[in-house]
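Multiple structures follow.
After this come two complexes, each holding chain A, first together with chain B and then together with chain C.
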Partner chain A sequence: MKKLISILLILSLFGAAVACDGGTTSTTAAPTEAPSATEAPAEETEAPVEETEAPAEETEAEEEPEAEGGVEGKTFALLVKSAGNPYNEKEAEGFTKAVEEFGGEVIVRQPEKATAEDQITMIGELVAQRVDAIAVAGNDFDALQPALTQAMDAGIKVLSLDSAVNPESRAVHVNQAGTELIGQALVDAVFDLTGGEGQFAILSATSQASNQNAWIASMNAILEDEQYADIEMVEVAYGDDEYQKSVDQTQALLKNYPDLKVICAPTTVGMMAAGKVLKDEGSAVKLTGLGLPSEMAEYIGEGDEFPCPYMYLWNPIDIGYLAGYTAAALVDGTITGAVDDTFTAGDLGEYTIVEAGDEGTEVILGPPFRFDPSNIEEWKEVY
Partner chain B sequence: MKKNNVLKTLASSREISLLMVMLLIVAIITWRNPIFLTLKNISDMLTNYSTTMILALGMMLVLLIGGIDISIGATIALSGMFSALIMRDNQGVPVVVAFLMSIGVGLICGLLIGLVIVKGKVPPIIATLGFMNIYRGLTYLMARNQWVPAYQIPTAYKQFATGRYLTFGVLNNMITVMLLCYILFFFFLKYTKTGRRIYATGSNVEAAQFSGIDTDRIKFFAYGTMGLLSGLVGALWVSIYASAQGDMAMGIEMDVIASCVIGGVSLSGGRGSVTGVFLGALIMAILGNALPLVGISQFWQDGLKGLIILVAIILNVLTQRSIIANNLRRRQA
Partner chain C sequence: MNQPELRKISADTPFSLKTFFLKWEWFLLLIFIGINVMNSLISPYYLSVNGLFTATNSFLEKAFIALSMVFVLIIGEIDISVASIVALSSVVMAESYNKLGLPMGLALVVCLLVGSLCGFLNGLILTRFRELAPMIVTLGTQILYRGIALIILGDQASGGFTSIKWYSNFYWGKIGPVPYMFIAFAVLAVIMGFILHKTTFGKRLYAIGSNRVAAKYAGIRVERSRLVVYTLSGLFSAITAIFLVARMGSTRPNVAIGYELDVISMCVLGGILTDGGKGNFVGAVISIFTIGLLRYGLGLINVQSQLMMVIIGALLIIAVMAPHLKPKRRLKSD
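Now for the complex of A and B:
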């Protein structure tokens, strides 16, 4: 009996190994088989981005072939923050699209939890696999430094995207949108929704999230301007990107500040939780911030029953795509990551490397994209 | 001497000492912000924490038999995601059916865990650690790393969490479900054979076996029930937050275990009551809801929460000790 059980167990392990094999190939192969399903909507809906980036369009046609030299067949790895997050999925989709365009090979790695430890292990594995470039969305600003330095010493080009790692651990950072651009967009939205005067509150993720804090600091700096003298930021609440806690925080804001006019949430979980609470309560408080279109489609609209008139976010597909081309430019030597280096990122056009706020260098994707009732219907299908 | 007597009566019941702690917390919070004690806030709080409170009941059963289950967050995600995906593709699925599907998935998850622990003799913490990863991974695989946003979930289903139709307009549905679970468990543990056998199994497995209790069946039952409740919470979770994500309910097991321990459930099994768990879970809910209300710096909130939990548990242990000492003295006398 015991033997039978142990044989069964071993068999099931083999079965699992085979199944997992299928699993990994499908994650890397997904983009090749998925396009039939996902590409169609993506192409349709990419139009609005191109409209806003009209100047970029001019350069794309002629210069595209140039970027292809010397990167064909090279391996490009993307290490996202964690599995299961739709936003990271879309980043990976864009990255894969870019790498496939210039004929490289893609490895996408997704740690199960959004921790630096998991990422460090995976970086070690990627170094052992001798990839040519690693693009990482850092779960910690400093903790990845030893692992990434090791990768760079092994001749691998390292860049960060979305969430930066410190300047010593990267050649360049791909920034979704300049911190100031986001701060300005959010402050303008608050100014607009409050009607130029009144109270608003911020619902953030965790109090240590570096991107959140940079945006909030930038909003604070912009609010110093006399133009915004009549709007008052009453509190920065932290929902830790957990639903239950974000709901608690939103409800507390509504109860503690009866005159509150606007909640601004620069985090997708915060946006969802606040949207749900405001809608359920039929509150007159308005919501804006950075949210995922599909999650927020339910809450964006004109009229009192919709809490969110409009919100912003960048296109994660584009960040991944830009990171793919940035990695290619690093690998073929077009750029070294120094200020004023320029390169062409496929359909997105030409980009120039600029100085980043952390004394490193970065590429900025562009201003955040606005989602409102006029375009939410098409974007909710995308991500 | 008289003072001592008061202390003695206080110390004679875990539940009463817990109640005192809770009232003290409530008093301080209300003093800092009277909004806390409004009907609306209490309703908000119970609605938002009905999930954690229901889970505490299942966790109590598992702790009573001397086990532990840290896979509940993953079970919630798997079962919630399962029914959410079905609803996404078939908008007409009735709410009850969606709930039953989620509960079914949860029950299967729990029974599998029970099977491995009982038949495989794997220590519960290791078994559930393994299943935590398996179920979470399955959730991602099943959903193909996608998520089900609000607009894809049928309106009737979302309205369950905001509606009051179960009690014809008196209580929010989430609260009703939670209270029903508590009433059910109260009578089940106190007045049924299986209920008493759970305590017997937890306090002394060998003695229980000698007296003819099928302890394996009892353990199986406990993990199955935990899974079933996780499935129920998976359904409630999708309804209240109007979205199903692969990473939902991650880490919730810690809050649930804390609720039980505050409520006086012994981690070594055999000891704990439904009333105590109710108070323990309620204290966790109060802390979650009220700390943002009283305007303490965000940076202090987590630390303060931990401190209060610790104080509640220490008080609990002290009360327990004095109860045991009292009993001993009575027996010697």
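Now for the complex of A and C:
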């Protein structure tokens, strides 16, 4: 009897697995269909509404300049850093939108933990499914190389977005904004908020996140300039993009550096955590960095009760969208990932591939965008 | 003196078809077959030799620890420091190659030594202070070992191993379709299985796990056996470290996080009782493949990791539930 119960339990498990299979594989081509179980349902509410009309014009418009027929029905996989990261979910939304516009099939994978190990396993699974392109936001610059090389050997087009993997393991990188532009914007913000002198600290994600490290390196280089001689970077703390750890790190920073004037967090999880701590403690320390407007709206404002006067970001939906079209251009042969290759990325217009700081190549989305009390209300609704 | 009549005493229960087929391993085999059937139905890509071997590689790497974890669980103890041992031994190996300039072969030996030493230290603490619970001691060393790894390497990665072809092949190399690592695993599994089931040392471990006091009075050197088991656990963690670094071509102090729980899950589903004294090596091996291939199959149809955790969690609960349901029935029928 009891054994019967356990067998029934197991059977129901299989049932559940098969059922969710039904949800994922039915995403083929049809752009009007909801973007499947692979995306967080809560985020989808607005996107599909626009999409329903967009694809109609899009597919017609697209046929003229490029032979988009080559990518229809092909499978495009996006491998983000980890599950439960709102920024990643927005990227996935844009990627899905782009792929559905040109009639491809989309797979979005989110590892349990933001580790290279999990990503390698998932790359193996994607290779076994014979996808046509893999876009990856790398958790480690070098560690994915063996797995991605194997994917490329199997004829799969590999690109990275947001957080790069090393040049040997990708055809091209989709960069949110030029590293120097971001570094300059952040240093200027720190300079402004400290009043030109004093201590500031950086609250980063993981120590291996290549995008974070590139920005921090760029900030360091800019800080060498005499103009910034009076501001001092006291520490780079790592919150690992985990909320609780970032809270702990913020509290540690406040305790260790009583003269701290500004915390600069180039990651949205870090900003949320720091914003919460600073607001709860009524601290005079100011916050700036790179954060999602929807997550940060309650901390942005004028006056002492708001820790964050302004911050920067680009549109993660656009990065995903651009990555989707970059993947398509790689698959249909419009580009190979070499410098000066050009392609059209749907609504975003034409893009040219340029040389990247790491000796690979990249596509740059555009300059970072400033969010302050005047526009935050409007943008928090968007992403 | 009256000589009492000599009787043959044997711990072996008489063979009976009924108890043989009621074994947990058969049930597990059924689940294993079920999962394979399910996987091949839900994904057209599942039944591919290359794909399957790629998949087995990705979970066999941590399964090396499961081989020694079976021993630890059989003696009724637990070692949750294994993942940290993986991190520390891999970091020391990487740094002794990159910073100290040791040849790669020697660095591998260093890795195995560091792992064994960590395991030995666990065992030493536990055998010197017998009143301490293994869970607590290994929790302490879990933090300690990863802490040392962090001190050595800070927040950085140590890499450059992809360029050493022969070492990279530990994970990526193949004979025909069969990866080297699969062969290494098979060989080690057979050896460990043989030790556990066919040698006196193995039988003694079962005795210790069933009743440590009785085992001691029966003349078994309990503490020495425990020390050996913990050292083995460290050694096998280091073996995992070697394959992990071969896979990634680099290492960081935060690699292998959560491996201890994955490994203990594999053993528990395999019918190894955490109370000690019960369990079969074959069960553990079947369970390693069951969990691994279940994950792979679900991964092939792109089930989200959150849902995958729910499914595997549920499977585990069934696994620990089922054996506890059986004895009650037996009591009634007696």
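Assume the second predicted complex is superposed on the first by the 323 of 383 C-alpha atoms of A that agree within 3 Å, B and C clash if a C-alpha of one lies under 4 Å from a C-alpha of the other, contacts with A are read in each partner's own complex, and residues count from 1 in each chain.
Following the convention adopted for this analysis, contacts are C-beta pairs under 8 Å (C-beta built on N, C-alpha and C of every residue); 3 or more make two chains touch, one makes a residue touch a chain.
Remember, predicted model here, so these are calculated numbers, not experimental data.
Overlaying the two complexes via chain A brings chain B and chain C into a clash. Contacts of A:Tyr238 after superposition on the shared chain: both chain B and chain C are touched. In the superposed model, A:Ala229 makes contact with neither chain B nor chain C. Shared-chain residue A:Thr115: touches chain C; no touch with chain B. Shared-chain residue A:Asp248: touches chain B; no touch with chain C. Of the two partner chains placed by the overlay, only chain B lies in contact with A:Glu295; chain C stays clear of it. Once chain A of one complex is fitted onto chain A of the other, the partner contacts of A:Lys380 are limited to chain B, with no touch recorded for chain C. In the superposition on chain A, contact of A:Ser207 is made with both chain B and chain C. By the touch criterion defined above, A:Pro86 reaches chain B but does not reach chain C.
Partner contacting the larger number of chain A residues, of chain B and chain C: C. Of the candidate stretches 75-83, 129-137 or 147-155 in chain B, only 129-137 runs into chain C once the two complexes are overlaid on chain A. Residues common to the contacts of chain A with chain B and with chain C across the two structures: 83-84, 110, 112-113, 207, 238. Only residues 2-3, 6, 9-10, 13-14, 16-18, 20-21, 24-25, 37-38, 83-84, 107-113, 115-118, 120-122, 124-125, 127-130, 140-143, 145-147, 150, 206-208, 238 of chain A touch chain C when the two sit together in their complex. Here chain C touches chain A in the complex through residues 31, 34, 38, 41-43, 45, 48, 50-51, 54-55, 57-58, 154-157, 159, 162, 168, 171-172, 244, 247-250, 252, 254-258, 296-309, 311, 314-315, 318, 321-322, 325, 329, going by the rule given at the top.
The touching residues of chain B, when paired with chain A in their complex, are 33, 35, 41, 44, 48-49, 51-52, 133, 136-137, 139-141, 143, 145-147, 149-151, 162, 241-243, 245-248, 250-251, 288-289, 292-293, 295, 298-299.
Contact residues on chain A toward chain B in their complex (touch as defined above): 23, 82-86, 89, 110, 112-113, 207, 236-238, 242-245, 247-249, 251-253, 255-256, 272-273, 276, 280, 292, 294-295, 297-299, 380.
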